[in-house]
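Each of the next two complexes has subunit A plus one more chain, namely subunit B in the first and subunit C in the second.
Take a look at the complex of A and B:
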C-alpha cells in the first residue's frame, strides 16, 4: 500500500528523464530543421503542420531549437551535479570522519558559503568570467558543494562508531578506506536523493542565467535563451516562442523532483508512511 | 534563551565578513582591470600608472582589502557609472519597490500555501492530495520568469484584465514624491485614491507570479510536516478527548507543524532579492533587481558588487531573524 506511490513517482521520473536523454541524443544527428540557422521559415509563424511549434522572430524552427537545447540543459545539469556530488561528499566525509580541526575548518567555510545567495554568486561569476558551457557547469557545481558537504558530514559522523565501521577498522583497514569504502557507500541514499533535487535547482538556474543573457552565446538554443528571445513576441500575441521552452523545463525539472522525492523515501523508511 | 540569541547574533558577524570577502575576491579575480574603464585607449603607460595610483590599485592587496572593508562598513560601494550616483544611494532608493513586491507576493504565497498544505495532509492519499501535489510540483518546476510571462500573455495581452508590465504605475501617471517609498502607502498617505487603485492593479500580476512560485514549496513543506504531526501521540490523545476536527487541525497539529514552514519562508524571503533580478526585469519593476540587471548589462561592477553585498547581507539578516524567531517560539530551544 505505501509502496505503490513510491514506485509510481520513481517510474514516471525515470521515464521522463529517459525521454529527455533520447531527445538529446536524437538531436545530435537529426532535427527537423537546422536549429542554428535563421530563416528556415518566415518570422513568427504560428504552430502548424510544417512547423509544429512555430518559428521565432528570426524564422528559426522552435521545435528544432527545443530539441537541440536538451543537450545543453540536461548536459549542464547532469555534469554540474555529479561534480558537486563528488567534491562535496569527499569534503563532508573527511570532515565527518576525522573531526577536530579539519572538521571545524570545512564546516565553517561551508556555513559561510551557504550564507551567500547562490544565484547571485552565479550571476556575478558568470558575468565576470564570461559565457560558456564549462563556466556555467563549474559555477553551478561550486554553489552546490556546501550542501553535499553538510549532508555527507552528518551521515558519516552519525555512523562513524557503528559496529560495521569498528569491524572494518579491526580487520586492518586504513582510516580513509573505512571512511570512503564503508561509510560513504552507506550514506549514498540521502546524497543521491539530494543530487536529484539539486539537479532540478541547477536546471532552473541555468535557464535563469540564459534568460538574463548571461549563460551562453545568445544564439545558443538553450531554453532560457529561447524564452528571452520570445519575450517581445509575448507582448504582441506570438506566445509560442517563449511558451514551449517553459514546458520543456517543466518536464525535466519536474522529473528530477519526482525522482528525488522517491529516492528520499527510499533512503529514509520513516518517510514512507 | 538570551544567551543563545546573543551567540547567534555574534556568529552573524564572521558570516557577513565572509560574504564581503567572497565578493571582494570574485571582483578582483574576475573583474578585469578597472584602469581600463578610466583610461582612454591611447593612454601612455605613465598615465595608466597615475590612474592606478589614484584608484589605489598600486597598493598591496591586503591594503586594498582593508580599505574595501572600511568602505563597506560605511556602506560606501563607490559610484555607479550609469547613474553617476553613489551606489548605496541608488540601492536605498530602490529597496522599497523590491520589498513592496516581495512582501506582497510572499505573504500571498503563505496565505494560500499553508491552508493548501493542511488540506492536502488531512486528505492524504486521496484526490485533493494528489491535485495539490501535482499543482505544487509544477509550481516548483517552472521558472518564475516563465510563469510571469504566461500571466502577462493571458491576463494582459489576451484578456486585457490587468495592465501591462510597465512598472509600479501606468506611464501617464506621475509618481508621487517618495515618503516611505512604498507606493501603496505613499499614495494612501497623500489621499490620492484613484492613483492608489491603479498602483494596486499594477502590483497584481508580479505579486501573483511570486505568490505562485513561493506557494508551491510552502504547501509541500506544510503538507509533509502536517502529515507527521497528525500521526503523533498528542493528536491521538486530542481525538480521544473528543475535540472537533477543525480545532485538531488548526490549533494542535498546525501549530506544531509550522516550525519547518517558518524556516522555509525565511529561506524564500532571502531568495526574493536574488529572484528580483528576473521578476523585475519582466514587469519593468524599478527595484533592486532591475538595477542589478542594468549593472550587468552595462558592466557596471561597482553597482553589481554593491547589489550583491546588499542582497547577501539582507539574506544573512533574514536567516538571523528566522533563527531568533525559532528560539523564541520553540520551547525546547529555550532550554537547550
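Take a look at the complex of A and C:
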C-alpha cells in the first residue's frame, strides 16, 4: 500500500480536524437552535433550509445537536489519547530501559490487563462507576495504556545499547535522562503512528457506549447517542437522524488516521521535508 | 614529576560464556598514563586494548569478569566507586570518543543541540549561552560554517565531520582531565585520518589534556603520541616513549607490528 504524500495527508488531516475544532468552539457560543430542547420543530422533518440536517424523533434540530456533540466526541478522544500516550509511554520506557524485575512487573500487569476485551471492560466500568465525561475519558485512556507501554518498551529495549545511548551515558547523563530524553524521542515515530489508530478506536468506543446507552446521559448530544436515537427511523426512511452523526464519526476517524501518519513522519528528521 | 593521572595495575579478567566457562582475556595488564601526554595503546583486534579502555569508564561488556587489578585515576581506584560516584566522573573528568561518531550522535536532535545539552549538564547556564559555546567548540575543531552546521542533524554530517563534532563534545564541551579515544580514525579516509589526528594532537597540547588513544594502526601513532603501550593477546608486550618503540623495539612482537605497518626500520624491511 502506498501512503499519501506527507504534505497532503498532513494538510487534509489538519483541515478536517481544524473544522471539527472550529465546530466545537462555535457550538459553545452559538447553535442554530438549542441542542437540548425537544420540539423546536416537528418530529422527523427531512433536511430543509430551516433545518439543514432535519430533526429527530423528539423534534430537536440535528445540526445543532451535531455541533454540540463535537465538544464531547472530539474532547473525549483527544484527552483520552494524550493521557494514554503519556502514561503508557512512560511505563514502557521504564520497563524497556531498566529491565529486570521492573520490566517483569510492568509487562506482566499490562499483559494480564490486555487479556481482557477492552470494549467489554469499558462497558463494565462505566456501568459500575456511572456515566460521565470524566469516567469515560479515564476508562478509555486506561484501555489504551497497554498498547503504548508495549510499543515503547520494545522500542527502548532495542535501542538502549546503541552507541548514542552509550555515548549519552558516557558524557554523564543520569539513567532517566538517557531513557526519557534520548531514547524516548527516538521511539516517538511508532508511538505517534499508533495515536491515530488509538484516537480512531477511542472515537468509535465513545460512540458505541453512547449507542448502547451506557455513555453519557441519553439526552446529551453525543454522536453515539444521536445514532441510537435515530435507529428506529432508519428502516422507515428517516435516514438523516443517524446518517449525519455517523458521517461525523467517519470524518473524525479518517482525520486522525491521516494526521497520525504525518506525525510519525515528522518524528524522524530523515523523513522531514 | 607528579604521579600519573591514570595507572592500571595488574588488571586481569575473563569472559564468561553462557555455560559458565571462563576464557581469560586480560593477563596482568599494567601501564601508566602520565599527565599532559598522549599515550597510545596499540594492538591487533582481540588484544584487549579496547576492553582495557572501556574498563576505565566501567562500560566493559557484562560478560567480562575481573579477577584482579586496580584502575587508579588521580589516585582513586575507579573499580571501587559506587555507580553514582562513577557518573560524576563520566563526562566531567573522563570522556570518550567512540569509533563510529555518526552512530554515537542521537539521530533525532541537531548536532548543536546535543552539544549544548551536554554543556548545560556540566556547566549549567542558559540555553543561548550553551549554544554560543557549542558553536565556538565546533569552530575550534575546524568545522566550517559552525552556525549552520549546529542546526543540522547527524545524518547530514560526513563521518569525518561527525568525528570532529564528537571530539568537540568530548574534549571541549566536557572539558575532561582524561580523554579516551577508541579507534577515532578507523573507518575514515586516510587524508581525513591524518587531519583528525592532527586535531587531537593540537587540542591536547593547547589545552593541557591527557589523552589515551586506542588504535590498531601504528601509522597514526608516530606523530601524535608521546608514549606507546603495545598489547598482544591480553598482555602488555612493551611500553616506552614513541621514539624508543619506533627506533629501538625490544620485543619481537613490536618489530613485527612495525613491519606490518611499514614504519619502523626493521631488519626485514632493510633486507627487502
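Of note:
Going forward, the second predicted complex is superposed on the first by the 255 of 273 C-alpha atoms of A that agree within 3 Å, B and C clash if a C-alpha of one lies under 4 Å from a C-alpha of the other, contacts with A are read in each partner's own complex, and residues count from 1 in each chain.
Throughout what follows, a contact is a pair of C-beta atoms (placed from the backbone, for glycine too) under 8 Å apart; a residue touches a chain by one contact, two chains touch by 3 or more.
In this text, all values refer to a predicted model and were calculated from it rather than measured experimentally.
Residue contacts after overlaying the shared chain place A:254 against subunit B, while subunit C stays out of touching range. Looking at the shared chain after the overlay, A:186 reaches subunit C, while subunit B stays out of its contact range.
Once chain A of one complex is fitted onto chain A of the other, the partner contacts of A:164 are limited to subunit C, with no touch recorded for subunit B.
With both structures placed on the common chain, the touch criterion links A:172 to subunit C but leaves subunit B unconnected. In the superposition on chain A, contact is made by A:239 with subunit B only, not with subunit C. Of the two partners subunit B and subunit C, more subunit A residues are in touch with B.
Contact with neither subunit B nor subunit C is seen for A:262 once the two complexes are overlaid on the shared chain.
By the touch criterion defined above, A:207 lies against subunit B but remains apart from subunit C after alignment on the C-alpha atoms of chain A.
Shared contact residues on subunit A (touching subunit B in one structure, subunit C in the other): none found.
Here subunit C touches subunit A in the complex through residues 57, 59, 87-88, 90-92, 95-96, 98, 100, 103-109, 117-118, 121-122, 153, 155, 166, 169-170, 174, going by the rule given at the top. Those residues of subunit A that touch subunit B in the complex are listed here as 5, 108-109, 111-113, 115-121, 123-125, 127-129, 200, 204, 207-208, 211-214, 224, 227, 231, 234-237, 239, 242-243, 245-246, 249-250, 253-254, 257-258, 273. Residues of subunit A that touch subunit C in their complex: 162-164, 166-174, 181-182, 185-186, 188, 267-270. Residues of subunit B that touch subunit A in their complex: 14-15, 18-19, 22-23, 26-27, 29-32, 125, 137-138, 140-143, 145-146, 149-150, 152-153, 157-158, 164, 227, 231, 270-271, 273-275, 277-278, 281-282, 292-293, 296-297, 299, 304-305, 307-308, 311-312, 315-316, 319.
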